[in-house]
Amino acid sequence: MSAPLAKVADAERVLDVANLRAYYQTWHFGVSRDVRAVDGVTLHVDRNEIYGLAGESSCGKSTLIRTIVRAIRPPLAVVEGSVRFDFGGRACDIYALDRARLAGIRWRHLSYILQGSMNVLNPVRRVRESFVDFAFRHIGKPMPQFLALVEDHLARLRLDPAVLGSFPHELSGGMRQRVTIALASVCRPDFIVADEPTTALDVVVQKDVLALLREVQRQIRSSMILVTHDIGVHANATDRLGVMYAGRLIEEGRTGEVIREPRHPYTAQLVTSLPRIGDIEPKQGLDGAPPSLAAPPPGCRFHPRCPLAMEMCRREHPPMVEVAAGHRVACWVKAPPGGMAAP
Amino acid sequence: MSALLDIDRVGMTYVSGTLLARRVVRAVDDLSLRLEAGRPEIVAIIGESGSGKTTLARMILNLATPTDGVIRFRGTDVAKIRSNHARADFMRQVQPIFQNPFEAFNPLKRVDRYLFMSARRLADARGAEVDALADRALHQVGLSLAELRGRFPHELSGGQLQRAAIARALISAPKLIVADEPVSMVDASLRMSIVNLFRSLRDELHVSIVYITHDLATAYYISDRVLIMQRGRAVESGAAREVLANPQHPYSRLLKASVLSPEDAGKPTIAANT
Amino acid sequence: MQAYAIYALKRLAQFVLVVFIGINLAYLISHATPIDPVEQTVSAATSFGNASPEAILMMRASLRELYGLEGGAVSQYAAFWRRVLVGDFGPSLSAFPTPVSTLIGRALPWTVGLLSVSTCLAFALGNLLGGLAGYFRESRILKLAGIAAMAVHPIPYYIVAFVLLIVFGYLWPVLPISGGYRINTPWGWNAEFVLSVVTHAILPVASLVLVGVGGWFMGMRSLVSNIVSEDYVVYAELAGVSRGRILGAYVMRNALAPQVTGLAMSLGSIFNGAIITEQVFGYPGIGTLLIQAVHAGDYSLVIGIASVSIVAVSVAVLIIDLLYPLLDPRVKVA
Amino acid sequence: MFTVLRDLLRYRTEFRFGAILTGFIAAFAALSLVSPYPPQDQFVVPPDLPPSWSYWFGTTSRGQDVFWQLTFAIRNTMLFGLSVAVLSRLVSIAIGMWSGYKGGIVDRLLMSVNDTFIVIPLFPLLVLFYFVLRDRMSWPLLALAMASLGWAYDARLIRAVALSLSSREFTQQCVFSGMRTREIVFQEHLPYVLPIVFYTTMNNMNWSIGLEVTLSVLGFTDIDTPTVGVMIYWANQHTALVAGVWWWVFFPVLFVMILFIGLFLLAISTNEYIDPRSRLARMGDVSG
Amino acid sequence: MHALRHLALALFLAMCAVSASAEELISDLPRNETLIVENPEGTIKNAGWFNIWAINAGGQSTGLHQLAMDTLWYLDPQHGLDGVWMNSLAAEKPIYNADFTEMTVKLRSGIYWSDGVEFTADDLVFTTELHMKTNGLRWSAPFQINVASVSAPDRNTVIFKLKKPNSRFHSLFTVRWGAIWIMPKHVFEKVADPLKFDFNKPVSLGAYVLHSYDPNGKWFIWQLRDDWQRTTLGRYGKPGPKYVAYVDPGPPDKRVIAQLNHELDIIHDTSAEGMFTLAKQSKTSRGWFKGFPYAHPDPTLPAVIFNLQNDTFKDRRVRWALALLIDIKAVSMASYRGAATISAIAIPPTGTHTESYHAPMEAWLRDFELDTGKRTIKPYDPNIGRQIAEMLRPSMGEQIPTSADDIARAFGRGWWKPDPAAASELLQAAGFTRRGNDWMTPDGKPFAVRLVVEGDLRPVMTRAGSMIAQQWRQFGIDAKTEVAQGTLPDRRQAGDFDAMISWSVETYGGHPDLSYFLDSWHSQFVAPPGKMQTPRNWQRWASPELDKIIEQIRSTGFDDPKSVDLGREFVKLAVREMPIIPLMAYNVFTVMDQTYWTGYPTAEGDPYTDPVPNWGNSRAMMVRLKPAK
């Protein structure tokens, strides 16, 4: 499967996120704070692509996708912006749906692979029961046929149908994650959100699981958002890549382009600091720490750590500017608005 | 040349369960490794979870006792170090670095407390010496006491904390540092500064480092020697660059093949290993 | 299966330990008593009758022999365990020569009945309401129920029972306040007897349930409010699984295991409540017997009751522990 | 600690209510210091008078002023609960922290004993205790007995915290900083345990006062020392309720209920405060 | 939420159903044929045990010894059905030989056991011989000590040959509260071990047989025998109640509630306040006295008992000082709310004793002089009974009697006037000193008295003790009560006390003979310190003067008028020496409900017996009770 090279038309968009802001609004014993975990993110995902979301811990990437699938509960709240899905022509704002319609969409059109394979399956229910709970009502077939269908699905993903009779704790971490992928895909949804699906897996297993994920995506031709902090995973699994820093999207483009020609200083640092086998070039790390999302610095949030920072960066937040086809960057230095800056 | 650390055919067997249903887990099996004194080096021990590398680290640090074989530090059987005095002496020379910098300090206590404590207890510093020692150690890792004094862990970044932890380990001028996955919980952008620090510790302070990791890339980047472990056994070892550039053992090859490199970006052609 | 056997053996060992320590405590404490059962009997036998001093001296000697109070501390202790192991606590000294076990056997069914009914009711009711209250946080009725449970829960059994007694036995006398059944009702499985047993049990059971329900309610509610943020619940909600199914199969089902552990842990104190309740409502049972034994200075009966209650509670705990893996499949490897 | 109290008082309704109720009871108990009558003396006032301006809570059939009697009773009851709580805290901290830090066989042995104490029904043992001591039963002794029986559950809570602390990396960091075990346990770990100690103190007070009331009402304590239970005991002796002297029972029951609810509210609100997630939120960790 | 509502509804309905069914207390028995009596023993642990000859194995006051047992004689504490003395199984009074070494009993004929077997001399002989050869039966010891041999020359005559002279041997077979009950030979001769035999169902010699009982010991129901004429009660007419239920009604307040609901015909005892409540709220309830003080005075005498082996109390002046510090009016108020019958002398002011002792000795008491060391005082105040009456009159109104006789009967006559000055003088004379507010013993230690009381087992006496301690405390003595609950008997026997509230004086009530308690006060029975004291000389008083009196009584016949004179000698000695401070009669608030039954014994109506229903004599009530409607 190769990534679509041409700029995709709006009509093919499955997900459209516009200027989304989601804050953790907490009040604890007199300390009231807004944690601006997602602060003005705009992105879209096209049909049949895997969109990668990268960023380091606490950059807001998990919050972003939680907000996208409306899996939020207080203190997290959407402050501004919209999330629109388009499943085969029926566009909808996920925050405008009532409970019943939302339940109708879930799993049938929009499914989810969660971080932390240990806990996503009900520990006291066998895997089979989870399949029944999650998918039975969408399939619309009597139980025996449904179970046969599930077994077929597992077989297609080269999983032993015997796992259906197991409890989650009886499976290895990799196997649990595979089961979760099968569970998320059994209804052949239009859109799958995968949050750190391979974190905490060993490298060998990680590769297998990623392969399975791509395999599933290829088979059912759904769109997918894949969130992970591991650039290596993105490089190998995603079509397009968005990089987040301190609650904002700072760079976005085709994965190969972003990794090979990062524009944003942060992205560049992230990519070039990674050692590779066979490469003994001295590499430098980045000093400092990401800012607190409760009290982010003014202007570009990266400026305190940025080697290129200038006066403007300290004052105002840079807008996302398209520097190449489908490649957008938010940086006063590398992508000043109104003109393509030199890479 | 005498050995700094001599791991001689060490094995570790855990027994779980009760008398009636023993389950024997062979965490480490017949493993040998020798670090020479006077030739500081970084030895990477590579393996995935369950390969026994953390158990090995615990045995070197005398937090666990091997069931077979002997670990000698400068000729002394580590497992026989029992008295408080001997333990303190051992800790002066061998220090650990832990995996999670956020966990390595008590969140309710100030970070400098541990530096001062080490200075007093392990380096026998008194009065102004204590501050001086702490400050010197912090400078060795690119920090200063002024930055750190009175700060709580949550006020510092993971990178700073990990450096502080390393500085603390350095206070007693140890000969050996055992670092168990020291960068796996550190953000990628901060990771290299820590890794580079290890290199400078070896080169400038002549500290030998046992670097335990599952990350082949950083191992390749800084270590002199590697030892690849699988299910408690050493499957391959040798000079780092040689082994990692051209692994011989099937498991080593599999490991190497599984590494997802950013190089592949734009060609998402990932395939399962099996 | 083998894993379960290990688990069961561990529990069994704990059970044996509990019983051993418990009975020893009871033995040690009670053998420190300054009360001489012979003097108790003598004074009871002579408090109304006319007996000459010489006769009493003679009576003392023969009672001492009859009660088997001779022998050293070690041999008495050994003899005690020899008898206890076969369930024999010797004759009651205040109902000589009736065996202690006979007296306890007569009282135990009442206590066990009272306790099992009220515990099950309180557990079921408290967990059900607590589960609902934890899941439907916005419901006003459930909030009120929570406040009510919180208000009653910390009040000691005695006070609750006492207030119930006043209200339903005195201010609005609709319920019997004494005894286990109506006087002169023939025993057996006939409607009259059963009905009278039920009506007599209402107040004792109600007092125990009222106090017990709050603990389960609050425990369940806080468990549930933690569990609803567990990944598997979030995941199921994301999947659009119905709320009823989530509440039942995901939330409550997972909260049940710790609650059942809590049940096992709290059986001892529940038992305390039963003793008091029996006392307040003049209900037959172990508690009534214990208080009588104390007043009569009958230490073989006191030890017997303390031991039997320890064993009974431990057995109940053991049963719960042994059934626990059914609730939580993860335990097998423990 | 001071800021904790301030925060709780300012922001937790439950805590505020609990503090008000408990404070009210404590203030009431303090009045015993200025009582015009010694607590044991009878017939110092006309018996059986209903509440009035001269006798706010009425008088008993023993010719005692319920108001002043109750100040002593509440004081003794609270002191009792507090002594049991403090004594049993010492045991549960010692056992819990030792067991949790040491782990292994020490832990298993201690916890087996501990579980035994959790499971054993204590009431028969306390009655037994009374049975043995009878007239020598005084409240310090009873407090001692209850403290030696009532530590187990809380020791388990403390041990759970200590166990998780001992496996945390910072504990190893402490070891390799040259700290001694005692220092690690008392300086590094104790701060994590203290909130639990605080929380269980109030629960334990509730528990011990409840048992004391019950034992006293049944006459299994020293009936010469006025406590709430002893007051009810004497009221029962004089069949106060059927004799219409309801105030003799009503006020002690009311006050002890206020005390219970007050302590209970304090306990649950503190419990929420020390909940790790809530603590993190206050310490400023960002979740994202 | 729906579940909640349903639950509430279900609970409500259940309540309604229950309240409808909670009306009748006793199932299946016609209420108007049933007498419901409190069994003061409470719940009987071992309900199925009716072998009364085994010690403490089962209940006694369950109706067993009142209704099913019988023996030779009854001595009523009040006036009796036809006199104080009742020949029950015996046809006449005991016949002693001259030196009291042989007692002959003539038995009635025509008395039958409830299983139809006739009662004969063989039963009495069997009872005696079984006790003589078996250790550990309730009366084994007195038989073994007294009886050399027993024989029955014919079926109506039994001759006891005694081991040594005993003029009071018949008292063993004379019911005061209870006595030696006669065994059915035809039952017990088949029993291998009489100690282990439960005698269930009991064969009765009384007018009632066991109908049913609660295995949990809460109630026992007895039914009138069809052949009630063939029992010793038969000659007094048909007993009124067809059924008598002895129940455990619970604590005092529940007893009051039960009688207010007419579910308990006779309350054995309740608190003074409970009695007042019943008197106020129930028109049909009444006590022994129609008005105040209601209670029946038992022929026992609660007193402050000193341990005379304790150095502090060896000096009679100290004992007297403590007596003069007691304000008996306050004690009467504290213990009985005024409903006490006080006594200054060591004889219970009950039954016929007031005529034999209290009234005749009044003059002597008035003239009694006490030397305080500085002066001589007359401590007796004859008006205290009247003062108590006057004190109560404002609140109790016309319930308080007005005539001097009635007041004396209800509240007692006089007592010792509180006299702290005299007490100080006495103490100083005895070598005590005053330091500030506190008294010191001659050896310079604080004068401390621990007054042992029994707690809620005898609340009234505990209340009295608290008051006395308070009065001593106010005088500067470190006095406190110590609650002994069930250990009181142990401590009393062991002499492990300074002073205690208890009684060492018990009498027949209806008969002036004092040997019932006095014989055991002989110094031959006083144990050395630290050893067990046998009943009843708990004060361990050894007095040669007293011994002389006792020895004279021993050689005087039971009905000999001379024994009353000897009794008065004892009283005078006891006043002078004050080994115990007599307080009052042990008043029992027995309350009788006349809703279903009338004809109860009462002080001013027909005082034919003591109404306290656990006394063996209370069987006399059955033949006088009549249905109310």
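A, B, C, D and E label the chains in the order they appear, each numbered from 1.
Methods note: a contact is a pair of C-beta atoms (placed from the backbone, for glycine too) under 8 Å apart; a residue touches a chain by one contact, two chains touch by 3 or more.
Keep in mind the model is a prediction, meaning the values are calculated, not measured.
Any chain touching chain D that also touches chain E appears here: C.
Minimum number of contact steps separating chain A from chain C: 1.
Ranked by C-beta contact pairs, the top pair of chains is C-E.
Comparing mean CA positions across the assembly, the chain most remote from chain B is E.
Distance from the chain A centre to the chain D centre is 51 Å, each centre being the mean of its Cα atoms.
Chain geometry summary: the mean Cα position of chain A and that of chain E are 91 Å apart.
Separation between the centroids of chain B and chain E, computed from CA atoms only, is 88 Å. Per-chain CA centroids place chain B at a distance of 48 Å from chain D.
Contact with two or more other chains is made by residues 257, 485-487 of chain E.
Along chain A, residues 57 each make contact with two or more other chains. On chain C, the positions that touch chain A within their shared complex are 229-232, 234-242, 245, 249-250, 253-254, 257, 327-330, 333.
Residues of chain B that touch chain D in their complex: 61, 63, 84, 88, 91, 95-96, 98-100, 103-109, 114, 117-118, 120-122, 154, 165, 168-169. Of all the residues in chain E, the ones that touch chain C in their complex are 1, 3-4, 14-15, 18-19, 21-22, 24-29, 42-43, 45-46, 49, 54-58, 135-136, 138, 140-142, 144-145, 171-172, 176-179, 195-196, 198, 212, 214-219, 221, 245, 247-250, 254, 257, 261, 457, 485-487, 489-490, 492-493, 516, 519-520, 525, 532, 534-535.
The part of chain E that touches chain D in the complex is made up of residues 251-253, 256-257, 260, 270-274, 276-277, 330, 333-334, 337, 452, 455-456, 459, 463, 466-467, 470, 480-487, 491.
On chain A, the positions that touch chain B within their shared complex are 1, 3, 50, 56-57, 202-204, 206-208, 210-212, 214, 229-239, 254-260, 266, 269-271, 273-280, 282-290.
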